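Chain nomenclature is as follows: A, B, C and D, assigned in order of appearance, with residue numbering initiated at 1 for each chain independently.
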């Protein structure tokens, strides 16, 4: 099913074919991020003070709300990265197609660890969630690296920008990866490390902001 | 995860990049509005007069039907507003991308308060529903305001039209916001206020109908 | 929420705006038709001869398979009609947008009556299903009629072809509408009438086949 | 509902119409592949050692993970084949539209046999899964064969390449079809045969790799 021979790699797609692959990927991202809402299960209440019970049932769900918000933000972050990559691509080959499908397989799974984290929140749940995010982050990083190495990007893309972006992308699997063993020490510590992802982002953006422009010299092409 | 530094704001997208962001947003709207059907749970019946029981089980579900119709209409209304905004945009920056994702996060959640309203319909349920709609309306209004303030729209867009549209959009969070405390006085009163949204629309359209044309002078561009 | 004033009707959309409205509609059709699979609920078995029980649990589900196949075919039929209409449109106004959203609201609901029919199959279930299909068919017919009457279609579309198509479209609500009272006489009779929809199609196609070409004189535009 | 008269077959679609049919199909593929995640049901635990129980509940789910990965890979494979076919099409007729909808109906169903396989994994489950894949593979093969026979593909497509692709596509229903009776002898044997699909792919790609280029002589059209 997975095709990985040298001959296949020659099957280049550009223009309309490339656009369709990205549209399919965007669709999978959009569906996975929307399915997160299915993790909220309506409480089945029937007591004397229904109003009060409902209020507590919803507000006690803060674990579910936290995991929803976190996963929405992270999947959105993966989508933004995928979107930026796709805007710089000029062609794709068969290996890229397969690596892209591997990334989508991890994206599709994410609502499940999100539910586990939201419902239980114990060390195992935190470790399972962190593992899922680590693997998804690795798949995303491998996709970027391959696109760069195989010369699939627009020739005007600045090499330093591209390498910087790939390295920055690997921050996600690094932070989540380190948090996996930490979860069994303290789930709070693991979640504090996740918050560190926000701060490293601001730090690196402040420090290396000057190379955020993907294109060398020329203005970006406006119509792809 | 959320990126909000001045440097990022320079990452402008036009043409194909803009189209993809809007297509992704349309996808999320389409999925969220379709997932509303999952709120209808098939009754598990097995009595002697199954036919009669089924009829009553379905017709007693009027709360679910009401909440489905209401949420479908409101999400459709948010989508129409988003669609109109997107048709006037000529470029987006990183802040717009983040604000757009925040709006989508609220849209994605809406099937859950819809289910709560349809299943319970008590003060808490009405207040939760109104809160969700208020926050979504605010997110939509902030997105429009930002697009206007940051100069992302077509330069031919009439300023008076744009400001009028933004103000009209804030009617949704205002009406729903006021209904939150009202719900604890009377759920009927809160729902009557929601119906007021329809009437204010007709009133304002009749009164200010003459500036409904978004473009100054020139005819609208037909091919974007 | 629903906007229906004369002033609004002037908000014409063409080109990119029209394409986006159709793409959103296609998305809703695609999601609704795919959600039909969620009607299949895995039986929860744990007996001594699990293999035999599973076989019977799946094969006894023929009601669900029948309702799945029927609804897939009918939603697909509605989508084909919507697709053909959209290919002939040259512009849409606000009324069309609202009527289109009303059609989508009915399409979104269809998985629920499908589940009711598949699970119960008694007179009430058959009548509920037929009612849902009647209303959806009417919404589709009203949309076609409006597009024709408001002059939204390509000027080269043959008037006779368009009127013929609208009338043919109303066959669905007519057949399903008549079957609603029939269901309480005999569910088999109602379902035989549904099968009549196939045969009327072949009859009318054979009889009026010669005006199936939507365009007068000229060959159809190949690039819209 | 299904239209199959000779007159209909004349309804040719090209350009924008063709693109929309493919986009609708891509949407159905994307939704079906994403719905696979719904097969993971959160275990309802509440014991003294929740952490340990959760770990075992998730890791004992290996049947579900196996069926998820397998179905994701196979649906992705069907999508890649459909994507490649669509890139070579220059026009479609009504018969193609109907055959395409039949394929989509099978794709839509696939999450259900995936759940059956993942939950039970006994001979009946394996046979049901293999039957679903056989039928889907046949529908895909019939679609390719029809497109080839009806001359819907780009005239520059190499005939030998097209026939080779159709034959290679039929490997899926052949391997899964043979595994149906095998499942009742040994489920392991049936699953080993499925693994054979990977190996036949590498064998044939190595042996016939030289005709993987769909276009004769000319370079492929880059903008469709």
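The criterion applied here is as follows: a residue touches a chain if its C-beta (ideal position, glycine included) is under 8 Å from a C-beta of that chain, and two chains touch if they have at least 3 such contacts.
None of the values given here were measured: they were computed from a predicted structure.
At the interface between chain A and chain B, two copies of one sequence, fewer than half of the residue numbers in use are shared by both copies. Mean C-alpha position of chain B lies 36 Å from that of chain D. With centres taken as mean Cα positions, chain C sits 26 Å from chain B. With touch defined as above, residues shared between interfaces to two or more other chains in chain C number as follows: 23, 27, 31, 35, 38.
Interchain contacts close the chains into one ring where each touches exactly two others, per the touch definition above.
Only residues 22-23, 26-27, 29-31, 33-38, 40, 42, 45, 50-52, 54-55, 58, 68-69, 72-74, 76-77, 79-80, 83, 86-87, 197-198, 201-202, 205-206, 209-210, 212-213, 220, 222-224 of chain B touch chain C when the two sit together in their complex.
Contact residues of chain A toward chain D in the complex are 1-3, 5, 7-8, 10-17, 20-21, 23-24, 27-28, 31-32, 35, 38, 97, 101, 104-105, 108-112, 115-116, 119-120, 122-125, 128.
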